[in-house]
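The letters A, B and C name the chains in turn, as written, and every chain counts its residues from 1.
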Amino acid sequence: MVPNANSSVISAKALDLTFQTADAPVHALKDVSLDIAQGDFVSFIGPSGCGKTTFLRCIAGLETPTGGTLTVNGMTADEARRARAYGYVFQAAGLYPWRTIAGNIKLPLEIMGYSKADQNDRVARVLDLVELSDFGAKFPWQLSGGMQQRASIARALAFDADILLMDEPFGALDEIVRDHLNEQLLALWTRTNKTIAFVTHSIPEAVYLSTKIVVMSPRPGRITDVIDSPLPKERPLDIRDTPEFIEIAHRVREGLRAGHEDD
Amino acid sequence: MRKIFPVLTVVAAIFAFWYAAVPFMNVKETLTGLERAGAVVVPDNPIERRDASSFGLVLNNSFAIPATYAQERPRLPAPHQVAQDLWKTTVMKKVTSKRSLVYHGWITLSATLLGFAIGTGAGIILAVGIVHSRAMDMSVMPWAIASQTIPILAIAPMIIVVLNSIGIQGLVPKAIISAYLSFFPVVVGMVKGLRAPDAMQMDLLKTYNASDNQGFWKLRLPASMPYLFASLKIGVAAALVGAIVAELPAGGARGLGGRMLTGSYYGQMVQIWSALVFAAVLAASLVLLIGLAQRRALKRMGLT
Amino acid sequence: MTLVILAFVIWVAMWALNTRLANGPRANSRPIQLLVPAIFGLTILVVWELLVHGLNVPLVILPAPSHVVATFFNEIPTLWLDFQQTFIKGALSGYVIGCGAAFATAILVDRYDFLKRGLLPVGNFVAALPIVGTAPILVMWFGFDWQSKAAVVVVMVFFPMLVNTVAGLQETTSMQRDLMRTYGAGYWPSLTKLRLPAAMPFIFNGLKISTTLALIGAIVAEFFGSPTMGMGFRISTSVGQLALDMVWAEIVVAALAGSAFYGVVAMTEKTVTFWHPSQRK
């Protein structure tokens, strides 16, 4: 079943997640409800401890919510994980140093049992997609940080999951590399029409990339604002100097500040 | 409790396995003894029994199982036999008695400690020299590292006999072997430790215009302590092994190594096991003591 | 006396030369790094030779290096026999069995947390004990031939190898494990594709430590009884006959075998863990 354009791919209703720690329970997520539609690019932004990464991990089935419901492609998150419904990109590239770049991209394909020929086709295709075609035979530690992160995105794309979950993927990179990768990511999203959930703590990055910006705040982790971006799908880098862009950025900043006031 | 329980389970499993193995290891000798005493055993022919499997013998002569745990000279003594022998030879004997394990343990321990002290001292001095002199570093260090791949213990008998022939006997030759064995781990660990401070920390001292001496006492030496203690633990265990092996060719049947050797000559398994357990307790206590010293020292330095 | 003075002069000259080389402009180049320890080693041998002749040191105390070398080449058939008995039959077979068993146990222990929490402290404890002490027991159980030597080696290498392998298998980051979970990967894919490769540096550390232990175990076990060959047997009987040149020749064999064994394992490590920061060029 291919979901149509306005059906929700990820749907959370009244999601709660409480960690039991030694001294007091920590409310990582409280009453989080959100629908993400097919083809959306959703950013989660907020200060540390607001639960944005925890929410992403819930969607990935890496954490189990303690209350509420969460469906991914109409299944529970854990079923979706087993059905390999998404590709996940971590804060660090996390490539295996003992495998070449191509070998790293093959890793999920080997685990999922793709044929050898199919593996090679897919590796070539996604390497091309992230513009690393000439580097397949290199080892990760021979590449720059930005290239490593591109390789890890290729790894998440290789098995054609419709959903891409990205947890501050560019957080550790410098501004110039980050701008470049943002541009590339947008182009990739336009071409592949994937649904992307993207965690960040950079306001410009969130506004530049997203169709929907989810502002979160901590203690307890919750959603304080959801902003649907009026920006067009085509976004050159200098869109960041337009009044529309600055206005959305302003609203995000206000939302973040409001979340802080009730500390 | 959560930590202790699995460990206790494993230890209990080891003892259970040990007890279970005793009948099979001892059945043949036990049956021979019982037959001589007039019991009916199956098969009644010693030669057939020699070729039979221990498993079948135990099954066919299950009446003999209790006796396998009470052999005078078992192939595998039961844990309680070892414990009894340990009790008899440590608590019940005067420590000056030749049959007291405490007496033999002390002989081994004194050689170990003397050797360990010499080895450690020399090791630290050489390490300091290596860190301060490039020529010494490049000349000696490759050999010190290579020597760790060589079974140094093999020369123990020779050292004993050579020193014996020039009139040095008793404690000193064993201590030399212990010293030799604890020396190299200390050199290698200490050099690593003295080099542990990174370039930024060294540069900081340079901005204070600190002398080499000040750099050594205020930065290098404190930074080396965790490494030193780690190699001291390896060194003391090696020193004990050295002392025990050094007692083998001495032939004097003194010390824990001597006990093992005489036990092996006369087929006294219980004696070997007691000496082994005693050596194990000794090794564990020495490592534990250094661990305690390590914790105290590092705590005072604020490193833990 | 002149030989003693000559030895002293050579020693001083070597030290001056090495000091110049070590502090010279090309001190960090590969040839110099090899040359300096080589000069040092060679000087030790020369000074040893000169002192033995100059002071008329009797053979029963210290044979001259030239004497040892001569014995080594004259006795090659005997040495070869001893080497086969002790190294190939005793040490090597015990090493393979012991390390293999420890590896299999480690995989098992790693799978069950209860075993891990129970066996690891015990393993760490046993690894620090004087295990050579089991030699007399094992010699009594398995007889005088190489089987008992292999058994001693098995017991000696088992625990260091076990502890290292288990530590290595835990050496993955939570991110790497999460990645495997996002692929819905089960136990075996995670083991073969992530945890075993990540454990390799630790496994090789255990293998390297075990090379030395294997040789020590095989030699020392022969002190408790052996057929009339083997390196440990030859050392103890030659010591008894005061044939120290033969003892030294066996020590040369032991040193060559020990460092070659270690070298082979270290070379294998280099090719297997080429990706590890400590091995990258």
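Keep this in mind: a residue touches a chain if its C-beta (ideal position, glycine included) is under 8 Å from a C-beta of that chain, and two chains touch if they have at least 3 such contacts.
Which chain is which protein? Per UniProt: A = NitT/TauT family transport system ATP-binding protein; B, C = NitT/TauT family transport system permease protein.
Treat the numbers as computed from the prediction; the structure is a model and nothing was measured.
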Checklist outcome for this item: At minimum, the number of touching-chain hops separating subunit A from subunit B is 2
Next on the checklist: Tell me which has more C-beta contacts between its two chains, B-C or A-C.
Outcome noted: B-C
Item to check | Geometric centre distance via CA averages, subunit B-subunit A, whole Å | outcome: 56
Next on the checklist: Rounded to a whole Å, what is the gap between the Cα centroids of subunit B and subunit C?
Outcome noted: 18
Checklist entry - So how far apart, in whole Å, are subunit A and subunit C when each is placed at the average of its C-alpha atoms? => result 50
Item to check | subunit C - residues contacting subunit A, complex | outcome: 173, 175-176, 178-185, 189, 193-194, 197-198, 200, 273-277, 280
Checklist entry - Can you name the residues of subunit C that touch subunit B in the complex? => result 15, 18-19, 21-23, 27, 32-33, 36-37, 39-41, 60-62, 114-115, 117-119, 121-122, 125, 128-130, 132-137, 139-141, 211-212, 215-216, 219-220, 223-225, 231-232, 235-236, 239-240, 242, 244, 247, 250-251, 254-255, 258-259, 261-263
Checklist outcome for this item: subunit B residues touching subunit C in their complex are 3, 6-11, 14, 25, 75, 133-135, 137-143, 146, 148-151, 153-155, 157-158, 161-162, 165-166, 233, 237, 240-241, 244-245, 248-249, 256, 260-261, 263-264, 267, 269, 272-273, 275-276, 279-280, 283-284, 287
Checklist entry - What does subunit A use to touch subunit C in their complex? => result 60-62, 81-84, 86-88, 90-92, 94, 96-98, 107-108, 110-112, 139, 141
